[in-house]
Amino acid sequence: MAREIPTEAQVLSWYTALSNWGRWGPDDELGTLNLITPGKRRQAAGLVREGVVVSCARTIAYDPTPDGPVAPQHFMLRSGEGEATETLGRTNARDAFLIAPHGQTITHLDAPSHTFVRADASAPWTMYNGRPRDLVRTMDGATAGSIELVGEGIVSRGVLLDVARLRGVSWLETGDPVFPEDLDAAEAAQGVRVEPGDILFVRTGFPKHRAEQGPRPPAEGVASLQAACLPWLRERDVALLGSDTSNDVSPTEYPSLGINGAIHGVGMGAIGLWLLDNPTFESLAAACAERGRWEFLATIAPLKLEHGTGSPVNPLAML
Amino acid sequence: MAREIPTEAQVLSWYTALSNWGRWGPDDELGTLNLITPGKRRQAAGLVREGVVVSCARTIAYDPTPDGPVAPQHFMLRSGEGEATETLGRTNARDAFLIAPHGQTITHLDAPSHTFVRADASAPWTMYNGRPRDLVRTMDGATAGSIELVGEGIVSRGVLLDVARLRGVSWLETGDPVFPEDLDAAEAAQGVRVEPGDILFVRTGFPKHRAEQGPRPPAEGVASLQAACLPWLRERDVALLGSDTSNDVSPTEYPSLGINGAIHGVGMGAIGLWLLDNPTFESLAAACAERGRWEFLATIAPLKLEHGTGSPVNPLAML
Amino acid sequence: MAREIPTEAQVLSWYTALSNWGRWGPDDELGTLNLITPGKRRQAAGLVREGVVVSCARTIAYDPTPDGPVAPQHFMLRSGEGEATETLGRTNARDAFLIAPHGQTITHLDAPSHTFVRADASAPWTMYNGRPRDLVRTMDGATAGSIELVGEGIVSRGVLLDVARLRGVSWLETGDPVFPEDLDAAEAAQGVRVEPGDILFVRTGFPKHRAEQGPRPPAEGVASLQAACLPWLRERDVALLGSDTSNDVSPTEYPSLGINGAIHGVGMGAIGLWLLDNPTFESLAAACAERGRWEFLATIAPLKLEHGTGSPVNPLAML
Amino acid sequence: MAREIPTEAQVLSWYTALSNWGRWGPDDELGTLNLITPGKRRQAAGLVREGVVVSCARTIAYDPTPDGPVAPQHFMLRSGEGEATETLGRTNARDAFLIAPHGQTITHLDAPSHTFVRADASAPWTMYNGRPRDLVRTMDGATAGSIELVGEGIVSRGVLLDVARLRGVSWLETGDPVFPEDLDAAEAAQGVRVEPGDILFVRTGFPKHRAEQGPRPPAEGVASLQAACLPWLRERDVALLGSDTSNDVSPTEYPSLGINGAIHGVGMGAIGLWLLDNPTFESLAAACAERGRWEFLATIAPLKLEHGTGSPVNPLAML
């Protein structure tokens, strides 16, 4: 399915052409989340018909994988083995977790401080809306653009565009990513339209691939949203994008534009778009298909991790 | 305000008298969450009027405190300082967190595997509904009663009973805890009634005390729900209880009943009641008081931490 | 090189036949380290001729490997990038490490609390000299048999028996382990004799294999000391054994005797022998061969890790 | 005991006047460790008379203290509680540790990458001998000046100067630090002389204070080596300095010279002097006093922590 792949120059031009810098004032850090109004949330709550809740998070497991260097760790601080210190009433167990949210196995929300961009090699690296990169420091963490920005939670109308279903496959193969034509076609096929302030979920089916065939080496890559989707996302004023991969195509077609340079770069850096990485939509897709309804109340509740560049999350869809 | 404090024998008797063991079958692990039906969730979604969202989570900060031995840690894996490896497009920052969810500064949900009970020193320690304590193992974690049980999220009608407001104080002092009479009086004063399947939030104002006067040494204790509230919670069929402390009075009036032996012991172990520890209701209380309305759509989305005994959460209330 | 492989029954019988329980009193925890006397240490210091020091530790690196589930982690708490807070004089960088000493890439010393044994399925599991297994607790760590036992350091005469050199190979292949005949032959070839209280290093060359061919999956195994060496080790009254693998043959010939059931089980549990796992002798072997001298002053300085079951170490040989 | 406290300008001038930059070539990273020759090590081995070994490390415990933000953590990965998976032979326990070596409770060796200096606000910050500060990066750690430099271990003649004994006190009080006159007087009283290439231990008795009176808040400070000792250390060509504090006086007399700006700054940065922080000499002082002999074989064996800025160590003295 060969669609038109934008050139590197085109992608670079979008840093300016699609920019939302200044749109919500010079000090804004919320970017596209400004599009979620109380009215939008009321509308979203009105989408709940059956009272069914579906999680879009993957399980956080502890096996070392080729997915990334800091695998999650689980430490029991007290277990249920052996004699309890107490004799009657209650005793307990407890644990600790080491989690690097941006790991490729973890469903997480990126904070603005996760992404720095520049379209000109002589310009400084900055976050969305021009905040300097060096506000994110080793000692202090993200002193700007922290995940705390969304500590009050993100709630809006959610829409699932199921591209794997559209194409009649279990999952998109590497090298065969999502183009804006797919988004349009999925809208048409599903009878739904993405509107300003929506939380957009795009299903490639990758988690199913991973579950059936094991984690694949990073070099093998994943299909995801091709950079060509960027103008579409900007035009539709999507508030938050979550694809069931890391959102960007891998390996990238734009190696000189840095790590995940297209969707993460132009999306987070220029558009101020919030990204949900590594969710899973296998259950949600089934729930939606069963009802022939692809819109729902979506809630994402990041942890208030002080000075954090992201948070593991469990996004919920309520139908 | 001296109310009647139950004797230790009374509290012990409640392990049987208030038990929900078997109520939802011999294999049930969900306990009081069985009371949240799709209809209940539909009703909850209908409570959203203004589309306002309020978080009930505290910030996860990294200062060592007297609150507990494993303080949260924040490690930057890559920061925004120094030269970026990339030259154009995008570069990034990322981090890792060490979190012990049951720490006394962290808003978290307890899994059934966190609590083992027995009312008879010759009986085995078990979780709610009789699962053996030794299913929670140092090597494997919680092989039963894991927080994964609620991986699909918890959504229901939420009710805030603001006891600090009822008493006209900023916070309840240690030694002056919440009694069932307070719950009744708060209902009457607020014009609201706690119903089966509700998520009940009880405000003592402790986070305000902590913010203004700093963390107090554990020995100083906190006011919270006195054990006398247990029959009330069982009778009302509350699905989930969250008080803005660790739910149990500290120091305990029942030292021989183990750690947090009353609300945690009888509540989690016998009633199968889910507990949210260490939330904050300062913002929510203001939002409710302003509207004269103390019911809302409540969502709690625990991380799917494999074999975990709990999860940090960011509970959201939607009004 | 087919040597006689002891039967499982023979290995089991050695739990009694080779036992040192009680030899240094009923409360002894030091086991074979009792054989290192001040006179022995004086003798060892006398072996220093050139004043050359050689390390026998491997580098602790942070790449995830198939060697084990908890890979070491390195976190920079403050780096040298970006602007320093200070303007003149001095600024600094600092870091933190997560280390699981018993990982298969880490040169470490096992504490008695690392190994529990029983030769009879009806007997309790105990450490060397009968200390109960449940003294090593999840909450408290090793309340007996801790690595703190050797907090004062281990210094003695060291002897290297270079079995790879003896056989004229770069490394021993899996399935071709070290037998007591090899130890005798190496002594004869090298003109050295292992004496009571010695620190014995046995070279298989495995680190060279690992360096050249990458970490091999655990299933592929390593050659090491076959169980048949146990009577030899006991007879010679070796104080501490370090082979440049995990000391035990993998995969084990005695699957029903537990993890590393032979050298670790009979050695640590019955003999009270201290084991150094995963050192490297590539440099030391070259230094010894060059001089035609295989004895030296050996020092091992475990960290005083409170209640620890082992410690990463950097063993030094001084020639 | 008011001695002459150097002015800030004097301390700054020592960055040049006492510098060893270039002394061992433009690429040297070993600094004063170049002074330890094989002959020096042979001499050191000759100091062993009784074959007695004394550790100079403090215990690494896990209590949160006011000493620093990252307290050591101990996680049991498998304990000795509950049923063993194995039935016969051997089972085991194991653990993991989180350690920030530069913590004020941990006996550790500083690597050159721990310290960056400049005596002129327009100059770049560099390590000893001019290596740029930005070689120590958040992602990669210390790509120069790593603790791996001393992976082969440090062995030399050790000398203890017991200033607390000299003054007849259990410990030096804050505000009453060590001056070069004390070092001279201790030499005279003890009948020993510090020579080039020596490992110099200076006892203030602080660990005794800490053991008896608990950890003191950082603001209370510690006595240690006053900056005035710097010319003495340079003149004597000390190879490694360890005082039983963090080596620098706290609170500093030179607040504008950065963290630990005198001994750490001029010492590590200009002289290339290696520093051992937070050892304890309580046992060693007793052993030396008993024998009337204050020289010994000293060994320090840092872990080969890849790209590390320091390592916890257990320094051993052999008499």
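Read from first to last, the chains carry the letters A, B, C and D; within each, the first residue is number 1.
Following the convention adopted for this analysis, a residue touches a chain if its C-beta (ideal position, glycine included) is under 8 Å from a C-beta of that chain, and two chains touch if they have at least 3 such contacts.
Quick caveat, the model's predicted, so the values are computed rather than measured.
When the CA atoms of subunit C are superposed on subunit D, the rotation angle comes to 180 degrees (nearest 5). Counting C-beta pairs in contact, the pair that comes out ahead of the other among A-D and A-B is A-B. Centres computed as Cα averages put subunit A at a distance of 28 Å from subunit B.
Between the Cα centres of subunit A and subunit D there is a gap of 47 Å. Contacts with at least two other chains are made by residues 62, 70, 73, 76-77, 79-83, 96, 98, 134, 137-138 of subunit C. The part of subunit D that touches subunit B in the complex is made up of residues 62-66, 69-71, 73, 76-79, 81-83, 98, 134, 137-139.
Taken in their complex, subunit D has these residues touching subunit A: 73, 75-77, 79-83, 96, 138.
Considering their complex, residues 11-12, 37-46, 48-55, 57-62, 70, 74, 76-77, 79-81, 84, 86-102, 113-121, 125, 132-138, 141-142, 148, 151-153, 155, 254, 256-261, 264-265, 269, 297, 299-310, 312-316, 318 of subunit C touch subunit D.
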